[in-house]
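Please go over the structures that come below.
In the two assemblies presented below, chain A is common to both, partnered first by chain B and then by chain C.
Presenting the complex of A and B:
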């Protein structure tokens, strides 16, 4: 698909480099509280970007991505237990990550084959049900120890505090997510997915391999989400079913994307930043009102800015350009 | 297999299923007529229960007698939700956005319930319950039997309204083809609001009945929304008969799996049944009452 996309403008490169430089310096200057906020923004922003691999291009909105988040966490956590102290914590984390990604690949393919045949609302709810089933199973069978939970070993790295270390891990995760998303968006796959989003039947008629493209996007998204789950529980140091199979994780990914702008790479990151700062800092003392505020923002965004803040910005921008062009024409 | 235990489980499942049916019928109506999955359904059910509680505590009205008042209040709330928020979102973006709107509304309402009533578990009691009785060796719990009777009465009423009243005919016509219904002089906007209102009203009524049988807390709303969805997917979209069939099936799956496999596993069975039905026959056993089966 060479020539299908405009080259990335230099300003975007410069902005990205600046942001990255700031992100690398941040852990050495910010307070632990602010660093923890930044951790959350990076992790959940990265996860929201991963959710967008399928949900951003098409109307296949997964309402159950916590399924893969939890699956990854349990796969890595339980494997780490089995490996035991003979392996270093870092080795357990890396092996766990690889295992979680592999398991979620298999699970995503197995789920996708039937579930991706469903459309719209049915797909959304089927994914919700899938996440619920995994959550229940992990709680019910003692094998998974989900009801009581289990601790995870403490990861150490010379010269870095735990907060700083996990900040960098989440930053890495976020960068991988962003890289995968940008690569997909600028590839043939991304074009095909956009076509599926506009009209799946027409796309199939015109020769877009819709089934295969949807499957690839879904599996990539699931694998990234599982990796995020592993890092999340290692950061917490303890996990139960309730900490990973949370319906609010699934829904937050959609909310962040909606707030920033669905189908873009910056949108979910902006959305995550705004919503996490809003709920944790501005309303930090008003825990009772968290849900109410989240609900209100969600409703306001859907009605006032269905394409997110980026969409609003773009509309304002193109209006200004239009006005300038009109003025310039004699 | 022990015969008495089997019949006891069967009867328990039927009674539970009748109540599930009532709690799901409103969800089914909205799904059938508007094509919207109302994620605020569970909170409507809970609001019914909490309103019943408030009426009993402040004015001493028996919960069963409070059903009409609760229905009226929730009718207004449901219709307003549709007119102000849902209609606008569907018009401006897509049908998918209704999921987000109704979810947002459920978060706000749940927080409101917690602020007013607190997060604790509550329960309702009524002086008008049927006594517990026996059929052979099978025990029928009084509260549950009362719930079942009330559920069946209300479902019957809705069925009559849908098939014999003018507004019911208008609802079914709008569900089939909103444009054609408009040509016949039906105001689709009004019908959508009425549908939402009726749905919320029936959810509220079921909330009271559920409150008589089980303790409830503000965090149960996801459970009731999912239950309603499973019921509709099992039975069929948009009709009281579909909701009844789905509810009874769900009740039986739930009681039999907890009796013979273990109570912890019943949710696994329920959601597995949901996934299976979604894949095999997403519009339920009876299909979509309005649009034909896919």
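Presenting the complex of A and C:
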């Protein structure tokens, strides 16, 4: 599929390098509060990018990605308990991450086989139910300790405060999500998924292996989400079922993508940045009004920018170029 | 009429976001100018919103009283007024930690707690690391008090000790109960209490026949009740929350499931529960984290009765034990500051370690780990008698005698 995509312009590479350099320096100049905000933007931005691997290209919108988030968190947390103090915290985290990703791969394949046969709202509801079921299971069986909760060990790294250390871990997670998304988008898989999003039946008729492509995108998305869940609970230091199996986590991934622009790599990151700043900084102190104002802003965004901020920007840019072309025409 | 274009609207929106963000980032020292600011987060939306609002009303009532009725408080020769800087964590631990971190960065030294151990514990990690105090009434998981934290205090005993007074009561019952069954739901709160109750009963030689688990939202308890009928215990304990307790007791009445003593952890405290069941509620016992009939002296409000009348004059929301406990958090802080003669966090922390007072909520004395003393601050035990709650244990607080065994549902009329 080489040649299908234009080469990435040098300006984009330069901008990305500049942003990355800024992101690396940030923990050494920003306050702990700003770092925690940045942590959330990187984590949930990265998760929204991972959600876009399927939901962004196609119309398969998962309303239950918290299932994989929680699955990963529980897998790593419980394995860490079994490994015990004989293993360092870093080793427990790394082994836990690998285990969580492996478990989520198996779970995603198992759930995808029946669920990806459904389309549209049926798929969304099935995923919602899947997350609810996992949440209940984690609370019902004492083996999982989800009802009572359990602490996670404190990860330390010489020379770094906890808030700085987790900032870098979330940054790494976000970069991996972005890299996976970009690689998928620029591959045959990405083109196939885009075709599925436009018309799945026609794509299948034209020879696109729709079932396999959807499965791969779903599994990749689930694995990344599980990894995010592991880092999230290690960052908090304590978890219960209610910490991770939360419907608002699933909904926020969709919301961030919608606000920034679904199907793009920058959109979910922009959406996460705007919404987290809006709800936790701008409106954070408005005790009684913040939910109402957040709702009002969202309605305004949907009306004024239905394709997200990137869509709005692109529309404005094409209008401007059209106007320039018209002016230049003799 | 001038139309606002989409571009203008978005521009205005963007400018307001940027402007507000810039203003928000301007730091503000919390204890400047004789004003002591209490920080913290509460779930005022989301899963824990109802209890969050109860706690918020308690904080606000105490602050209002200190500023408006007392004109502030003198600490170490300087007069201080108080300010409440609570934010909504939406019952989300990640959001809560970020908002708490902001307040720590802004220089807030004194924190009040959120609700729910999964929210409070991560926040406690942040305030503890920064050497800031937290006094809270919304979480009692053991893990909060077993981390070795020096600056975290809770008005309730840790969860595993919440049954100390109940077990002491069981020891005094004549004829001595021989067996107990427990019904729990699969939530943290209910399970933890069921475990603590079972462990306590075993310790004093009461056989635990069954620990039955129901879904978090109870709609049908018939299978559990069939087990109870087949192996009737002397005491049936339900470690369930209000609505679930009501569902269980209604099904007990409908199926004539009689036990000599029904202990419902939460539910009978509410007037709605007792009104709904009428005479059938007679004899049910419960934990009373707080009860209006117990009058304690309070260094800020005078006593419990004065607190209740001030609260009712200034609030429309019905009083709950979380509300009174939240006000007691502020009272406890103020008394510790007065005792320390300073608002230096380390000095106030030391004063909290040594505090031994009564408030409208009851006695306040912390263990070495920072949770409430299990006997002094543990729940009292009440029993519904003639439609009202009588405190039957501990002996010092008694307003009535335990009725045991209680009449059957049919006998209650």
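To be clear about the criterion, the second predicted complex is superposed on the first by the 321 of 330 C-alpha atoms of A that agree within 3 Å, B and C clash if a C-alpha of one lies under 4 Å from a C-alpha of the other, contacts with A are read in each partner's own complex, and residues count from 1 in each chain.
The definition used in the following text is that a residue touches a chain if its C-beta (ideal position, glycine included) is under 8 Å from a C-beta of that chain, and two chains touch if they have at least 3 such contacts.
Remember, predicted model here, so these are calculated numbers, not experimental data.
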Chain B versus chain C as contact partner of A:251, first or second or both or neither: first
Chain B versus chain C as contact partner of A:31, first or second or both or neither: second
Chain B versus chain C as contact partner of A:85, first or second or both or neither: neither
Which of chain B and chain C A:295 touches, first, second, both or neither: first
First, second, both or neither for A:143, with chain B first and chain C second: neither
Partner chain in contact with A:278 - chain B first, chain C second, else both or neither: second
Partner chain(s) touched by A:151 [first = chain B, second = chain C, both, neither]: second
Touched partner set for A:232, first chain B, second chain C, both or neither: second
Touching partner for A:328 - first (chain B), second (chain C), both, neither: neither
Residues of chain A contacting chain B in one complex and chain C in the other: 136, 139-140, 288, 290-291, 297
In the complex with chain B, residue positions of chain A that touch it: 59, 61, 63, 114-115, 117-118, 120-122, 124-126, 128-130, 132-133, 136-137, 139-140, 247, 251, 254-255, 258, 288-292, 294-299, 302-303, 306
Residues on chain B engaged by chain A in the complex (per definition of touch): 35, 37, 85, 88-89, 92-97, 99-101, 103-108, 110-112, 114-115, 222, 226, 229, 264-265, 267-268, 271-272, 274-275, 278-279, 282
In the complex, chain A residues that touch chain C: 31-33, 36-37, 39-40, 136, 139-140, 142, 147-151, 162-163, 232, 236-240, 242-243, 246, 248, 274, 277-282, 284-285, 287-288, 290-291, 297, 300, 304-305, 312, 316
Residues of chain C that touch chain A when the two form their complex: 6-7, 9-10, 13, 17, 20-21, 24-25, 44-47, 86-88, 90, 92-95, 97-99, 101-102, 104-106, 116-118, 121-122, 125, 129, 141, 143, 147, 186-188, 190-192, 213, 215-216
